[in-house]
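You will see subunit A twice below: alongside subunit B first, and alongside subunit C after that.
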Partner chain A sequence: MAAPCSRMANRPLWRFITNVRRTGLKHTGVRQISLSSACRAATQTRSKTEGVPSPWKLYGAVCLQRLPVISQERNPIEDQFAELMHQMELERSLLSDHEQRLLEDSERMTRKQADNYDSDEEEADYGGQETITAQDQEDTWEQKLKHFQPALRDRDVGGTPLGSVERCLGDSLVLLVQQTVGKETIWLLPQAQWEAGETLRQTAERGLSSLPEADFKATFLGNTPCGVYRYTFPKEVRTERCVGAKVFFFKAFLSAGSASQKEPFLWVKKTELQRYLKPPYLEKVDRFILNL
Partner chain B sequence: MSIAVSRALCRVLSRQTAVPTNVSSLMGVDGHVSQGPWFASVLTLKTSAPLRAEPKKKKKVDPRREQMVRERLKKKLKKLERVPPELIPIEDFTTPAKYMDETRVRGAPQLPFEESERRALLLKEWSRYKQTQHRAEMEAVGLAVEAQREALEELRLESEELYQAALRPDPLLFPFNHQGPSYTPPKAQYEAPEGKYNNITKVYTQ
Partner chain C sequence: MQWRKLRASFALHSRVLDQAGLLFRASVSVQHPIQGSLAFSNERQYRTMPTHGIGKYKHLLPKEAPKKKKERQQMKQIKTATDAEYGTLNVKVSGYDMILVEHYSQYIHNLCNRLGVKVAESYALPTKSTEVMVMPEQGTKMYVDAILKTHERIVQLSQLNATLCPTFMEVLLKNQPEGIQLSVKLHTEADYQARFKARPELEGLMAQMT
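And then the complex of A and B:
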């Protein structure tokens, strides 16, 4: 009986490792050792907490990201390097059909202007037709290009409001909402309190769907929380039962959605987060929001 | 065979010339037609040996001949089948003849010293830039993994049941599809025009 039990205990650990790998995170080689030590420590405390309800309130929050729609602009060094690569490729290549035609045309011109030009021979070769030279074609193409007006890549030049999803199309944006926590109204990631009988991921989904006048369709990336923020209540609110709260964050990608402009929503880049979030909260949240 | 046929014919003719007197005498005497020598010759004409010989030969030799022909065809088919199938050529791997032309070779560029120096320095700058970028990426991912590990630790301290629920893999997540970033943003309510096309790809059969 003992042997199968130990095998069952080891299986969730293996499953967790594969789950972590699947969510696209690297460096699991190092993490495996620390995970097992954390589990061993946790099993010791588990016996204590099973009988007593925990003094922490649980919240589930969602970090909803809108992934970039267009590619980013190049840095100056990237620009230079791209130009260099293009130049080197051109030097190593063979002549194209168009370039050969250019060479032939220029040769023919020099032959025509030479003293011993035999027009009968030339006409016999080329059938006596008026051919359009490659140079003329190039000129017509350049003229056409001058008249062409390409559309603007990033429609953000006009300065779209911060609440619009169509903001910086080249970066990934995170959704922020204004909620009342305790006595204050602060900007934070949408969250909801955990109720008994549901998993934390369901809490986060409820928090997202319960946003007033908003209809976001999101794909949650797995059941595992990506971060936690633990804070204690101020002394006047603290009781025996609830010392503070733990907010567990779940990552999700926005697939489709819309929101009215009236409600206080914000779509911000990672660099703009510090303007809206409180420093201790920002410290924890900044770690799992990747700007990649 | 032809001699036999002619002999039979002669016999018939000789009998025919002799017949008319006999027939009248027979009719007169008996009152009914009986099998006289003329009838006998006609019957023998139908079943004479040389005429019998031809169809007999057809019956014996031709089935054998047909069988021989069929066997020969089968043997040829087997020989053809034994040949291994021709490999389908990969058109991407064969350089077209027009690129082997020597007139197409571009002259090697003569770079001045400054230009080659600039290129070397730019390449080194680029490798340094890419190295810092890679380090930053690895650090960011490391931080994210650490944050997740802490979250799971805290959850475990809270409740074992929620921890187990968090560890379960999500079957509905995969296959996960997402359109990556393009160079220009998509147009709202864009209808792609329908067009006719001629597919000229070469299809090989083995």
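And then the complex of A and C:
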């Protein structure tokens, strides 16, 4: 992981309370994350240092991730192992209450149907007949199970477009945006230029909120950036004042969001990143995106 | 006095004679060596004997602190947050499936050990049973459909580094199993007191006193 930015070390810390719930499939296909922050003191803005400003332009970028909604598919090996373990546990297990009840009921039935059945003795032992036997309960439960229809595991049978948030529900996706940097339009993580008097995290938040036609509610975890990418401008653009730019990446998780399915957005898995990002950029970004 | 001394000296001499006799017996009859050694270990040597205190070893061992009675449970100090680290955090894992809840809490604990985050405590809260009552369309009486048990485990972290926190949270969130709720909160004294059982007699007596 890249070392934290020196500016960050002096910021007061934000204590936060996070509540994360993993509920069933929702329409948005997004995990709910709610956050309430309590800061110890008002954020102090650092006074601008006097003297020559540094020749690097600063950008704050956000790596917005959508967490997986459903569990991943198992490998064939994992499948076999799970079955084996299940069978072993079944063979080693003891009878549960319900199963014992079933056995007792069946024994009672056989005793009733036997010739030397003494009903008084039975009544005395069991103290009155139970109206619902365990077998009846099992039947009712099976009936209910038949009525239950589980939702389909993977909705994009037809192949949803790359811009959809509900793409691969078992993996975590990263948001890519097409922006103009210099002369070319390239795919990159959403970023904004740093202005004096704000923290880099606020820059990243601004970069996210300034995206056209999209409102993503993101939860940032912590003030520290997770990565940095430094590049120098090509010789024509380079002046004395700005030699190049440094981009600081912050991680955030999507809590609720809706975006119109327009061109500029892409939700991609880590393996698909290399198709869209430039190699030096990809090298740095790859380091902090976890493929879990 | 003298008579006593005489008697003592006589006893001493007789003892010496006894030992001499024993030795003699031992040297003569080797068939009963056990008897001889047993006789030796049961007898403590007199103070003037050179072998006095021959079997002593306790004075050679390091001194142990005297064993105290168990003191009343005190609350561990709740640490406050500094600029670089969070204070005492409670990571609460709750869900209906006990196997998943326990395995996930164990995973969190092991992850903290590996990453060097100090785990102050790791405990379980009592299980809460929820009865699901179903009301049929025709009748008015509700009957019990199922009993769902909610299990909760808490892993208490003491010094989580602010630089490590985003990665740590990300790993936790990406490995969250199905049906498990994860919640990270600051530890308060109210949380600590909630773990204890209420003592109605004590409270009654306290109310009577005041």
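Just so we're on the same page, the second predicted complex is superposed on the first by the 182 of 292 C-alpha atoms of A that agree within 3 Å, B and C clash if a C-alpha of one lies under 4 Å from a C-alpha of the other, contacts with A are read in each partner's own complex, and residues count from 1 in each chain.
Rule of thumb we're sticking to: a residue touches a chain if its C-beta (ideal position, glycine included) is under 8 Å from a C-beta of that chain, and two chains touch if they have at least 3 such contacts.
Quick caveat, the model's predicted, so the values are computed rather than measured.
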_Per the contact definition in the header, classify A:R153: touching subunit B only (first), subunit C only (second), both, or neither._
first
*Is A:G197 touching the first partner subunit B, the second partner subunit C, both, or neither of them?*
neither
_With both structures fitted on chain A, tell me whether subunit B or subunit C touches more of subunit A's residues._
B
*Now for A:P76: first (subunit B), second (subunit C), both, or neither, which partner does it touch?*
neither
_Touched partner set for A:L290, first subunit B, second subunit C, both or neither_ = both
*asked:* Just to be sure I read the superposition right, which of the two partners does A:Q100 touch: subunit B = first, subunit C = second, or both, or neither?
replied: first
*Which holds for A:L169: it touches subunit B only (first), subunit C only (second), both, or neither?*
first
*Please work out whether A:F253 is in contact with subunit B alone, subunit C alone, both, or neither, and reply first, second, both or neither.*
both
*Could you list which residues of subunit A make contact with subunit B in one structure and with subunit C in the other?*
12, 15, 18-20, 22, 67-68, 70-71, 221-224, 226, 253, 290, 292
*Where on subunit A does subunit B make contact in their complex?*
12, 15-16, 18-20, 22, 25-28, 31, 34-35, 38-39, 42, 45-46, 49-50, 54, 56, 58, 67-71, 77, 80-81, 84, 88, 91, 93-95, 100, 151, 153-155, 169-170, 199-201, 219-228, 230, 246, 248-249, 253, 284, 287-288, 290-292
*In the complex, subunit A residues that touch subunit C*: 1, 4, 9-10, 12-13, 15, 17-22, 40, 65, 67-68, 70-71, 172, 221-224, 226, 251, 253, 290, 292
*Inside the complex, what are the residues of subunit B that reach subunit A?*
99, 103-106, 108-109, 119, 122-123, 125-126, 129, 137-138, 140-160, 162, 164-170, 173-174, 176, 178, 181-186
*Which bits of subunit C are touching subunit A when the two form their complex?*
81-84, 86-87, 162-163, 165-167, 169-171, 173-186
